[in-house]
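Structure in structure tokens, see below.
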Amino acid sequence: MNSVVQTAQQGGKADKRPALPFVLAAPAVFALLVFLVLPVAVLIGESLTGPGGALEPYVKFLSSGYNQRVIWRTLQIAGATTLLALALGLIVASALARIGGTLGQILLFLCVFPLLTSALVRSFAWMVILGRQGLVNTGLQGIGLIDAPLSLLFNPTAMVIGLVYLFTPLAILTLKGAIEAIAPQVREAATTLGATPIRLFTQVTLPLLVPSLIVSAVLIFTGSLAAFATARLLGSERHMILPTLLHEKVMVSFDWAAGSVIAAVMLVLSFAAITLFNALGRRANRMVD
Amino acid sequence: MKSLQISGLSASYGGQQVLRDLNLDIPAGSFVSLLGPSGCGKTTTLRLVAGLMEASAGRIDLDGRNLLRVPSHRRNIGLVFQNYALLPHLNVVENVAYGLRQRGMGTAERLRKAAEFLDLVGLQGFAERTPDALSGGQKQRVSLARALVIDPDLMMFDEPLSNLDARLRLGMRSLIRRLHLQRQTTSIYVTHDQEEAFAISDRVAVMNSGKVEQYDRPEVLYARPASRFVANFVGFENIFPYHLISRAEGGLTISTLGGTLTLPDDPTWEVLPTGLLAARPEALSFGDSSIALDVTLRTYLGRGYAFEATAHGTPILLHSEHADAPATPRLSIDPRQITFLPPDQLSV
Amino acid sequence: QTLVVSEWGYTPDQTDELVNAPFEAEHGVEIIVETGNNPDRLNKMAVRGGVDVILLTDAFSQQGIDRDVFGTIDAAELSNLSQLTEAAQRPQGDFGPAYAVGRYGIIYDSAKVEPITSWSDLWREDLAGQIAMPGFNTSSGPMTVLVAASRVGVDAYADPDAAFASLAELSPNIVKTYNTGSELVNLFSTGEITVGALQDFAVPAILAAVPTARWAPLDEGNFAIYNTLNIAADTPNRDLAIKYIDFRISAAVQQAMALAVGDGPTNTTVALPEGEYPFASTPDQINSLISVDYSQLLAVRDDWATRWNDVFGQ
Amino acid sequence: MMRNLHPLHAVAAGLVILFLTLPLVIILGAAVSDTTYLTFPPQGLSLRWFELALQKQNFVRSFFTSLQVSFAATLLALLIGIPTAYALVRWRGALPAWMKSFFFLPVLVPEIVLGFAMLKTVVVDMSIPVMPALIIGHLVIILPYAVRVVGASLEGFDFSIEDAAVTLGASRLKVVLTVILPNIAPGILAAFTLGFITSINDVSVSLFLTGPGISTLPIELFTYVEQHFDPSVAAVSVMMMALTMAVMVLLERSLGLSKAMG
Amino acid sequence: MKSLQISGLSASYGGQQVLRDLNLDIPAGSFVSLLGPSGCGKTTTLRLVAGLMEASAGRIDLDGRNLLRVPSHRRNIGLVFQNYALLPHLNVVENVAYGLRQRGMGTAERLRKAAEFLDLVGLQGFAERTPDALSGGQKQRVSLARALVIDPDLMMFDEPLSNLDARLRLGMRSLIRRLHLQRQTTSIYVTHDQEEAFAISDRVAVMNSGKVEQYDRPEVLYARPASRFVANFVGFENIFPYHLISRAEGGLTISTLGGTLTLPDDPTWEVLPTGLLAARPEALSFGDSSIALDVTLRTYLGRGYAFEATAHGTPILLHSEHADAPATPRLSIDPRQITFLPPDQLSV
């Protein structure tokens, strides 16, 4: 308790009730412990029980060539999505940061609105666009570029497009905030010290965005890793990724043991991604000079 | 050492014009302050010179070369910001070296030079810190070193001390003045603190609503402000109308504040038949003139007391060495601390 | 009172009009329909119950039986049972009857591809990227393995390597493997595919969208798929559930559904007017269908699933 | 307005914004198409798919289930999230450092994993019925938003006004009611909106938690899209977007969205 | 009008003690300032009196009643905050009426009374504005009215003017002083600005590291600080060691700064054989003593110039009316602006 009082914050509250913050947070902590931590722990616990040792289910799962391909595909799709969404997000965010007034607000609204509609609806829209009779094919046929419609749906590219569409608004929001948080004087200082616009971007803006890029990357990568609806609607059984495989095992083949292993693998990948991105972020920050 | 000429400079934000036909001649090697109230256009002027925004009209010449054609990052101007504007992801020495890096100087060389300038501002041993581990005063020193190290043709300061506490402010003020005397870089210094402007500058331009209202040596501004606006800004807190009754050999008689005053004349005064008399509080005290006072508040100043009073309905601030006002207080004026101004309609 | 019926939800309007609404009216009960594909519904029912009657294809009802999800039904409880064909009465022992029989075959767009007359035609080079076929976890998925095996003249159970090698050759022609018949209808009507391996219940919908579509007469014949009705082991509404099943296998309902949505009737007393039907409408047609031995199939299912994934999960 | 924005940059940004906007426009177009399959540009113009969607019992029933689940879950999330956010911001150093990250765990656990885990533990082991299970599942995914958004509005909060109110004679309880709550009302509303929208759109967790006769609209839609590719899904999507838009406009009207989101 | 006694007050944050045995006696109706550098415990003292934190030892009595037993919201103390702390969701008049509402006063009555106090602070016509539509000075007036309207037994101000610009600060200072003279509410005023403390207070307590170092009338503090710390705080910027050589009838001779000085004696000086001489810059000028100066920097002050110099290695700040230092500058001391302090070891 003593350390609690010691660190009591600004404004001078050596509070008379050091337990109060704990009491206030207790219901939420309880809810998460019982309904998140416990279920996930149980799941992982049960996945670690093979007849041939705790890790046996994992060895079995990971040694299958098919599963390896699923994992690799999942990572590739998540990686590609992350890079593309960050790039597109950066383009829009840096533009929006310079566009003020009503126009800026309208554009921001347009960028954010997709975030408020369900992933389902948004993936569904791409089915309409990429289909044989969709906008792209009719367009390309209309201008005579192709004569037979292309098969654009139900493949990893379609998934990546759908996911980039899903996550770019998130990148825009995060990055726009971060860009605006850079004091204009910092950029002006660099300019008066002789930085050309390009160097200003690479030496000042970009390094200062690293933390936000990392935050976005983590959210996008882990989000793509888990994107079930998009994978189901835009991918196909032939291009399973971990979430669709998990669903297949749990709800279709009723193989919950395999489902637990996949869930654990997904958790590990998510946390590994977070750790990796954070390490990258630290590295990038160290290397800026 | 280069000179700077600003001629006919105008600028606006959106539709609102904030600089109107501003002229300023800054001799090579001199230190000039822009003094004026908030919003009068001081920062805008610096930004135009630095190329951080565009002028709508006018010229800026550095030693005769038109600066407006040079892109901002090639102007070779050292700018010190009020909020320091250090690059948060670089440490202290990297910040100082940043400008040298843009100029293509090698790593070893620029770090050596940056270290040298850190010495100059008294920050030996802080090279490896990041900006957020510095106090305000230390940040401002880094900012100063960073601007100086590129050997700029012109140094500019935008209220560099206003985020520091009173004591630090004095130290930094001395440091800036000393460095200027040593390096003689032509400098423009923005402040709204009259005392600071006077202490540090060779010449001061008092700005009002986007124009220079008076541009002169501090001593002149202090003693002979040219307008009510400038007078107010340099501490003539009492300004009231007078009528000239007579000005003759050695004596000046005016009627003001419901009474009549006779003062020893000063030939440098421009006394119109009707105008304003401006007096610092130190010039006014209790005495025996025909002007009666009504004292409303006394405050202790340390050396002496200040009294708020009214004379003939006009509020007046005067000083006295004594704690108690006389029973029937009357005004006395020290002619060495007053000046005369044209009436309001004529002043701008 | 409510009765929860779990089914595919493929033709909700007709089912409601011809089956559920009359039943509700007669028994003063509200029917709640839960929809989804076979495995989803079976699993949810197994995990959390709440379903009274479930409609499944025979492959999945067999799984349900194996997992003890269903209750048994005594033959005497169903007044209409004896009217059903032999095979449909007790397809899986003491459990529910089959109310419809479907065929697994091929449909193609005659305007866009050459006629198809054999299962082997699926392997034709001109059909590259044109075909959709059922995924492995559907009723008819594994049948494609049998087809692939017989194409190269082997027994899929005895020589799965050869069967799947044959299947692998089919892979370039496949655009998508689907999970529900309606998915296939979408693929067909949006032009994503021009050839589909499918159960015949989806044919009317495809014909409605693509008039040039043709059901292929196959040299090797079609596979039979029985749609069964079962009650939950723990249903509190057992009586009503049995009544529902009895109603659903009645001649009147089967006839109406046959005409409205093309469910192949199993009730021998259904008398359809002379004509061409998109389902097996005569005893001959029904008897010529190829039957699958589910006990044999279920035994190799896991092995085949892995092999299937290796072929298609590129 | 467009301070030194390079034309190429502007064009690139415009294209990306088009990429972000177009799909939703297309859904709108597809919804009013007169064809039985989904297409864009629409062929013919008809509202029949809207009509049809509104006649589908499953859609209507699941929509009301969704409303109930999302409303209950969001309310609960706020009820336990507001005190948490307050504790985290107000006693920044007093709570263990891991506490804040703890509340963001749900964001880091893939939803589909959470759904499966809850199916096993909450549904099967604890035998919690469908409706409460759905509400709990949604509560867990919304909680981080509630904590973060309310926390953000408290972040700029000048807690000295609490002291001011106390010295003016308000008891601690009165301070909460008359000072804190009114001042973070915009944040609470924003958190509510965000949580509600997140919840009502959820697929991955609900997928495992819906049960016989009780399903949420996205799950019904999902099942439906996989089976029927007709414009009624587009029509439902458009109606959902309209609802979202209405909520946002309402929020903007009553508070100013920028304020609420900030 | 109530008196306040603080006795033996101690307080800590966590393990760190910030007030140690603080004593302060505030007579009923008087206006007392706490003056001290940042972190010395001024705010902590106010918070303890207001009941916003708990003391670890000591008593606080308001007219003999132990305040520490009264819960914070019943202490009836008006507190004016540096950052105003207006309730942002209430308009101006509702803010002022807030305290009355807590006291159960009816709506009409409390709005009438709030309006009356808005008049008092010169904010007629601002009643319906929200706080964010006010300038800093206006906010501080609302804050003042809000604290006054509840008719508190004690008014407390925590650096109320430090967020205002220089001009506003003077106006508000007068307003606070005037209101005090009018209402006579016992008041504690916290500031780290010596001039402000002197101008506004009857008595000033100079605080250092959680203790009161000197508590007296401003005039006494100004002329006779009791310690080096206080001397520094009240403007004795030059403090240097001396040795007493002789103190005789009318004359005091000391050796300091490498020279010898003889000054007219002042009986109120406490001159030890060895100690510190404290002098304001105004007390030092160029003259003809035996102490030689080395001038390093001149700055213009308006009336006169300040010179930074060293004497025998010690930095010195002195004033002069003339712009130019003599060719061989020497120090002169005005005995009216100096005082003597005990040597460092003895002072705290």
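Going in written order, the chains are labelled A, B, C, D and E, and every chain counts its residues from 1.
In this section, a residue touches a chain if its C-beta (ideal position, glycine included) is under 8 Å from a C-beta of that chain, and two chains touch if they have at least 3 such contacts.
Since this is a predicted model, take the numbers as computed values, not measurements.
Of all chain pairs in this entry, the one linked by the most C-beta contacts is A-D.
At the far end from subunit E, in terms of centres built from Cα atoms, lies C. Inter-chain centre distance (subunit C to subunit E, centres taken as mean C-alpha positions): 91 Å. Distance between chain centres (mean CA atoms), subunit A to subunit D: 17 Å. Inter-chain centre distance (subunit B to subunit E, centres taken as mean C-alpha positions): 27 Å. Counting partner chains per residue, subunit A has residues 5, 7-8, 13, 131, 133, 250-251 touching two or more of them. Residues of subunit E found to touch two or more other chains are 47, 52. Chain contacts: subunit C has residues 44, 179, 190 touching two or more partner chains.
Within the complex formed with subunit B, the subunit E residues making contact are 38, 165-166, 173-174, 177-178, 181, 193-195, 198-200, 218-219, 222, 234-235, 282, 296-297, 299-303, 306, 308, 323, 337.
Residues 158, 160-161, 163-172, 174, 179, 182-183, 185 of subunit D touch subunit E in their complex. Those residues of subunit E that touch subunit D in the complex are listed here as 47, 50-52, 71-79, 81, 83, 85-89, 98-99, 102-103, 143, 146-147, 150.
Subunit A contributes residues 183, 185-186, 188-197, 199, 204, 207-208, 210, 285, 288-289 to its touches with subunit B in the complex.
Contacts from subunit A toward subunit C in the complex involve residues 64-66, 69-70, 131-133, 149, 151, 153-154, 236-240, 248, 250-254.
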